[in-house]
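Structures follow.
One chain, subunit A, appears in both complexes that follow, with subunit B as partner in the first and subunit C in the second.
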Partner chain A sequence: MLRLKRWYNVDKIQTSKFKLLPQYKLKCGLEIHTQLNTNKKLFSQSTNDPFHSLDTPNAHTSYFDIALPGTQPILNYEVVLYALRLSLALDSKVNLRSQFDRKHYFYGDQPMGYQITQHYSPFASGGHLTLHKDGDGINDIEKKINLIQLQIEQDTGKSIYRDNEKQTLIDLNRSNVPLIEMVTQPDFTDLKQIRAFIKKYQNLVRHLDISTGDLETGAMRVDVNLSVNDFARVELKNLPNTSSIMNAIKYEYQRQVKILEAGEGEEYLSHSETRSWNGESTVKLRSKETTIDYRYMPDPELPVISLSADVIEGVGKSLPPSPDEILSQLMTKPYSLSLKDARILTISGNSQDGIYSQVELLKFYLDTFDCYSKIVEREGLGEVKHKLPTNWIIHELLGDLKKLQIPLEKATAILSPEKFADFLTFIHSNKISSASGKLLLFHVLEDFQAHGLTKQINFDELIKEYELQTIDQVNEADLKKLCQKIIEAADSKMINGIVSGKKRNSIKFLVGQGMRSSQGRIQAQQFEDMFKELLCSNNE
Partner chain B sequence: MSFVRQLSLKNGYCSRCCRLYSSRAKVGEKFRSKKEVMEYLGQQTWSVDEYLADSTSEELPNEADVRKLLKLSGLPVDGNDLERIRVRLGKQLSFIDKLHRIPIEDEKTIDECQARLMPRNEVPISYDSLLQKIATQKKDPELGEVEGCWDSTSLAQMKENKYFVVRGGLMQNRD
Partner chain C sequence: MSLKTALSRIRSIPELQKRYNIFINIDPSAEKRLVDNADKELPLSHLVAGIKDNIVTKDLPTTCASKILETYQSPYDATCVRRLREAGVVIAGKTNLDEFGMGSGGIHSHFGPVLNPLYPSTKITAGGSSSGSAAAVAAGAVDFALGTDTGGSVRLPAAFNAVLGFKPSYGRISRYGVVAYAQSLDTVGILSKGMPVLRKVYNVLNEYDSKDPTSLSNDLRKKANKLFKEKGKLRIGIPQEFLQASISADYKNLFFRFIKELMDMGHEFYPVTIPSVKDSLPIYYTLSPAEAVSNLSRYDGIRYGTRADTTDIENGTLFAPTRANFGREVQDRIILGNYNLCSETFKNNYVKAQKLRVGLMNDFDEIFRGPNIISNSKGNVSGVDLIISLTATGPPSTIESFTSAENSSPTNEYLNDVFTMPMSLAGLPTLSIPLGNDVPLGVQVTAQFADDETVLNFADRIVN
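Right, the complex of A and B next:
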C-alpha cells in the first residue's frame, strides 16, 4: 500500500508574532565550533589565517594539511594554551590526560578521509556560563547554562560548489585549522537565553583573545539541538548568523507544535534527526536510518596530551578578569557608569571594524580616568565628574575616529591617556566649552591624519591660538542683544511654542544658534538663562 | 606486514625491541652493527598462515555488512565480487581475533590510551615547558610549512587557479 507522508511545513515564520506556548515546552542545547586564532595550524606549523587568505587558495598548506601519504600530525601547543584559557574561563574541568581520535568520513574538503577530534577523552568537561537579567537581557534574574564538554579538533577545507559544471573547487587553507567544539546541556528554555548566550560566549572568546568570534566569517559556527515536550531532539545545522539561528528555532518549534497539535508526535517526533536551515524552512538532512557510522578510533600517531597540575594554576593566573567582573567594576565607584556605557567598554564588537578593540578601548578609558582623577585631585578642581571620560571617549572620540578612519591604537600616538586627561580637565574646569572641545578634538585628529605626528599636542597653546577659551565675563548687554537677534530670526511658531510651554524643548535650538554665533565660547547655560529671561518678559 | 617500529638510528644503534604484539614482549640486547639489525629483521619468526590457521570463527561477515563497509570506505559496490570480499574479510577478522587472544603480561594495568606509535611514558607538560614549547615551535620547509616553498596543487591532476578540483558526483549523495 502506498503510504502518504504528511509534510508538516510552516508556511512563514511568524517572527513578530512568535511566542512560546506554555503547553509546549521548548528545550535547547547548543554546539558551538570556534576557530582559534593561533598563529599556526593544529597539527602543522602552516600559517593559520583562512579568512584573509581567501584570495590565495591553498597558499597555507603543508604536506600534512593536504594529507600527502606518509605525513604525520605534530601538535601545535599554542592550541593547548588557548583551550586551557577557554576551559578555565568557563569553569570547566581540564582533563590532564586528553587524547585525539579519528572520526572517519569521506568528503572532498577532508583529504585524510578522517577528522582528528577528541571523542573518547575530551580536553575538558563540565563548566558553565551564567546569564543575568541586567547584563544579558534575559527574563530570569539569573540563568546558569551548564556545559557538557570542550574538545579540540581540526577544521575542514572550504568547498566552492559549481553546480553547472558539476565540480567543486577545494581550498585547503582552512584544513587543519584548530577548532574548539563546545557543547552545552539542553538548558535553554527560551530564545532570549540563546541569543544572550551566543553573544556572551562570542564576547568571551574575543576577550580571551583566542578567536575573532565572528559568525559572518565562519570563525564561530553554531548548531542547535531542540526538542519540544521531551520528544526526540532535532539538530539544526547551517545557521550562518544570529538571525538564521533565531528564525530556524522559531520555524522548527512551530513545525513540531503543529505535529503535536495533530496528535502525531509519536509517529513523527520519536526519532532524532538532523535538519538544515535553508533561509526559509528546516529540511531533513539525516535521520536514524541514515546516521553516519564515523568508526571512531584513537589516533595512533598522536601522543596523549599529558598536563601537569601546575599548568592549570599558571594559565589561571594569566587570565584577565572576566567580562562580568569588569562590567560590575565599571558600574560601581569611582566609575559609576550606566549599564549601557559599561557594556560598550566590555563587549567586543566585530573584529573586522578595525577602529578599536574592546581591550584597547577599556584600557584607554581606565588609564584616562585614572590620570584625569589625579589631575582633579592634585589641582583641587573639586569633584571628579565621573561621566566626563566616558562621554568624551565613547561619544566624541570614537565618533571622530570612525569619521576619520583612524584606529585608536594609532591615535594614542598624539592622544595618550595622559594627554586626553589634560583635555578633559579643560572641559572640567570650564576653560573651554563642550562645543569648543568638540571642535578642538576633531581638529587635532584631522591634523594628525593629514600630517602625521609632527609635534606633541599642547592644548593650552591651541586654545589660545584659536581663541577657544570660555569668556568668563560676558557682557550682559551684548549677550542680550545677540539673543534678541536670534529670537527675531527664529520661526515665530516655534517661539510661541516655547512661550506657551507646549514646545519647551525648542529652547535648545535657540541655545544651539547662540553657541554657533559665539563659536562656543559662551556657556550654553548662560544662553539658556538669557533666552528664558527674554521670552518670559515678552510673555508678560 | 611488520609490527616492528622504526626507531631512529641516528645516535648509534638502538636497543633491540620485539614486536608490539609478540606474546613475550621484552627488550633485548643492543644492536652493535647495521649487519645485526639487517639479520634481525631478515629472520622469519612467524607467518601469517600460522595465525590464520588458528581461527576460532568460521562465520563470514554477511553481505549487508560488506555493502556497508564498502560504502563507508568510499568504494563502489557495483562491479565488486562480494563473495570474494566476504572470504577475505573473514580471514582478516580471524587474524584480528587471534591478535586479541594473545596473552599479555599485566593486562589489567594496561592503559588503552597508550596504544599508539608513540613514547609511552611521556612526562606531563608543566606550565613553563608549555610556554617554552610554544616559543620554540618553528616552520619546517621540509614539511612544506613555509609559504611559497611549494605549490600544493602542483601534484593534482585536476586543478584550477590554485584550487583543487573535485568532480561534483563525489560531493553529493553522501548518505
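Right, the complex of A and C next:
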C-alpha cells in the first residue's frame, strides 16, 4: 500500500498570537558567528574589509586567500588577542594550547576546499552570559546562559547567484576574514531570552571593539538549534536578522507542536535535521542520511596557539568594565540615572548617525559629571543636581549636535568636559535660566560650525554680552507694568477664566509670555506670583 | 663553473630532452640570461639549475606533471627559486616528476615518464618523484636541480641516477611556493654531482623564511649551530632494520666494502636498532594521503587550472568532472586519504599513525648522541653521530616491469620508499651518496635533526 507522508506545515506564523504552551517545552541554543574587525585577515596580510568593497569584488585577496598552489597560512596574532578579550569577557576558560583543524567540503566560494577552524581543540570552553530582568527585559529576575565553546575560524567567500544567466559569481573579499564561532548550551526557554541574549552579545562585541556586531551586514550571523519536549534537535539556518530569528523559531515551534499534538513525534522528530528559513516557513536542508562527513584533520603546518597564563592575565586586566558593571554604576550614586538614560550611555547601537560612539559619550558624561561635582563642592554651591549632566548632555547637547551634524569628537574642541561643567554650573546656580542656557548652547555650537574654533569659549563673557543673566533684583514696578501689558494683550475670555478660578491653569500661558518677553532672564516663579497678585487677589 | 660549461649544458638540453623526457617546460631565454649575467660576481654565478615542476616560478608554468595544472602560471616565485635567482643561478627549465610528487618511478606524469640517462639504450625508470631533477643532473643538463622529498623523492632518484641527493632537516629550506603534497613531510632537496656545488646551493637556501609557518626559526638555527660541533672521527650506526634479506648479494658486498673503507678512515661502527622503522610504511601511507587529499581539494578549476568544459557538477557531486583530470595514482591516494580521514575511522587510522610517528621519532632520538632541539631529547651519551643504510632495496627496474608490478598491485610501488620514509617521518637530514660512478646504487647518511653539518662534512671528506 502506498503511504502518504504527511507534511506538517504551519500556514502562517501567528506572530501576534504566538504563545508557548506549558505542555510543550521549548529548548534552544545559539551558534553565533562574529566577524572580527582586525586590520588584516586571519591567515594573510590582506585588508580585512568584507563590506566596504562590495562593488570591487576580489579586491582584498592575497595569493593565499584565493588558494594559489604553494601558498601557506600565517596566523594573524591580532585575532588571538581579540579572541582572548571576548573569551575573558564571557568567563570562558582559555585553552593554553589550542589548534587549527581543516574542515573539508567543496563549494565555489570555499577556495581551498576546506575551512580552517578549531574542531578538536577549541580556543576556549565554558563560560556564560547572564541576563537580568532589569536591563535585559526578560521575565525571570536572572537567567544564566552557559556557553559550550569559542573557536577561531575563517569566513568563506560569497556566491552571488544569477539564475537567469545560469551563472554564479564569486567574491573572495570575505574569504579568510576572521570569525569567532560561539556556541551556547541549549539553555534558552523562551523568545525574550533569545532576543535579549543576541542584543547583549552584540553590545558586548561592540563594547570590546572587536566587531561591528551588525546582523544586517552579516558581520554577525546567528543559527538556532531548537527542540520541543526533548525530541531531536533541529538546526535553523539562514536567519539574517532578529525578526527572522524570532519568526523562524515561532514557526518551527508551532510546526513541531502540531506534530506532537497528532502523536507523531516519534516518527517525525526523532532524527536531527537542518532546516532553512525562507522568510515564511522552515524547509528541510538535510537530515542524518545526507550529512556531509567533514573529514576533520589537524592542520599539518599551522603551529599550536600556545598562550602563557601571564599573557591571559594581562589581557584580562586591560579589559574595560563590562556593560553590566557600567550600567549598575550609572544607576547608583552619585549618578543615580534612570535605566533608560543609563542604557543610552552603555548600549552601543549602530544608528547614531556618526555623531558619537557610545564609548565617547560615556566618557564625556563621566568626565563632565566629575568636573561639575568638583566645582559645586569647591564653590559651596549646595547639593549636586545629579540629573543636570544627563539632561543637558543626552537631551540637549546631542540634539543640537544632530541638528548641526557636528560629531561629538569635534565639538569637544570647544566644549571640553571642563567647559561643559562650567556651563552646567551657571544653570545649577540659576545664573542663567534653562531657556537662556538652551539658546546659548545652540548659539555656541552654531558659531563653531560656521567659523570653526576661533577662540576659547568664555561663558561668563557670553552671558554678559548677550545679557542673559537672570535678574535677581527685579524692579517690582517694572515687573507689574510688563505683566499688565501681557494681560491686556491676552484674550479676555481666558483672563476671565483665570479670574473666576475656572481655568486657573491658563496662568501658565501668561507666565510663558512673560518668559518670552524677558528672554527667560526673569524667573518663572516671579511672573506667576505677579500674575496671581494682579488677577486672583480679589478672590482670596 | 665557467660560462663556457654553462653554455654547453644549456645547448645540450634539446637533445637530452628528446632522449630522456627530463623537462616539462624549458626556458628558451636561458642562454640569453646566462650571457647577460656573465659579468656579475654572485655566489652561484654561471650555475645552471633545473627546478622540479611542483615548485612555482613566475616565468615558466608550474604543472606538477598534472593535467589539472597543465597550463598553470604562478604569479610569484617560490622563496627557494627567488634565492637562487638572486644568487646568480640561471634556471634552464622545470623538471618532470610523478604527478604532485606521488610515485617512486617517475612514470606517473601527464607528460610521460622520465628515462634514466645511465641507460642510454634501455628504458629504465629514473626513480621518483623528483625523476626529471635527478636525470637532469645525471645527464649533465644542469649543475644542480631542486627536488622535493616527502618520503624519499629526492634520495631514491638520486641513487638510481648515481648522483648526490640531499634532503635537509625539515624546516631548513623554505616551502613557500612548493606545491604541497603532505606538508608535515615535504622538504626541498638538492641534487648534484659534486659536494662543492651542493654545499654552495644549500648555504644560499638554508635561511629562515617568515612566509613559511614551518620554517625553522633563527633561534633554533643558532641553537643547532652551537650544539653540533665538527668532529673528526665519527661514531656511525648501522640500523639492523635496513639490512633486509631481499637486498641482492652484489649490493650487500658493495655496501660492506664502503663501510670497510670508512673504518679504515678511523670511523667507529655500531649496530643500532630502530624498532619502529617497521611501522614507517603504514604511518606514511596513512598520513601522507590524508594530507594530500586535503591539499588537493583546492583544484576545482574555478580560479585557475584545467576546468571541465561543460559542467561543474556530476551526479550531485561538485567539481567531479574537473577533478577527473587527476591521474590514476593521485586518484588512488585521494581515495585512501579520504578513507583515513572519515569520521568513523579517523581515530583508528590518522590518530594512531600520529602516535606511532612520535614513537618512531623517539626511537631515533635514542640512538643519536646529539640532542634533538625540537623534541628536547637530551641525546644518548653512548649514541652515534650518523647512521648509514642503503637508499634503495635494489636497482631501478625497466619501465615495463615497473608498470606491470604496479598494475598487479598499486602498493608494490610503495615498497620502493621503505628505506627512505623513516627519515622523512622524523624530519632528519639525509644525503644519498652514489657508491660508484654510473652505478645506480646509493647509501644514505643520516644525522640527528638539524645536524645537517655533520652529514655534509662527512660527505665532503668521502665524495670524489
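Everything below uses one rule, namely that the second predicted complex is superposed on the first by the 471 of 540 C-alpha atoms of A that agree within 3 Å, B and C clash if a C-alpha of one lies under 4 Å from a C-alpha of the other, contacts with A are read in each partner's own complex, and residues count from 1 in each chain.
The working rule: contacts are C-beta pairs under 8 Å (C-beta built on N, C-alpha and C of every residue); 3 or more make two chains touch, one makes a residue touch a chain.
Computed from a predicted structure; not experimentally measured.
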Side-by-side fit of subunit B and subunit C on subunit A, or clash: clash
Partner chain(s) touched by A:Gly108 [first = subunit B, second = subunit C, both, neither]: both
Partner chain(s) touched by A:Tyr63 [first = subunit B, second = subunit C, both, neither]: both
Subunit B versus subunit C as contact partner of A:Gln167, first or second or both or neither: first
Greater subunit A contact set [subunit C / subunit B]: B
First, second, both or neither for A:Tyr296, with subunit B first and subunit C second: second
Contacts of A:Asn76 with subunit B and subunit C, given as first, second, both or neither: first
Residue range of subunit C overlapping subunit B upon superposition on chain A, of 22-30, 220-228, 274-282 or 400-408: 274-282
Shared subunit A contacts, counted only where both subunit B and subunit C touch the same residue: 63, 66, 68, 71, 104, 106-108, 113, 170, 293, 295, 300-303
Residue ranges of subunit C in contact with subunit A within the complex: 55-56, 62, 64, 69, 72, 74-76, 78, 175-180, 182-184, 210-214, 290-291, 293-294, 296-300, 302-304, 312, 318-319, 338, 341-343, 346, 350
Contacting residues of subunit B [partner subunit A, same complex]: 68, 72, 74, 112-119, 122-128, 130-131, 133-134, 137-140, 143-145, 147-148, 151-153, 155, 160-171, 174-175
Complex interface listing, subunit A residues touching subunit C: 63, 66-75, 102, 104, 106-108, 111-114, 170, 293-297, 300-303
Touch list for subunit A against partner subunit B, complex: 40, 44-47, 56-66, 68, 71, 76-78, 80-81, 96-97, 99, 104-108, 113, 121, 159-163, 165-172, 286, 290, 292-293, 295, 298-308, 310-311, 313-315
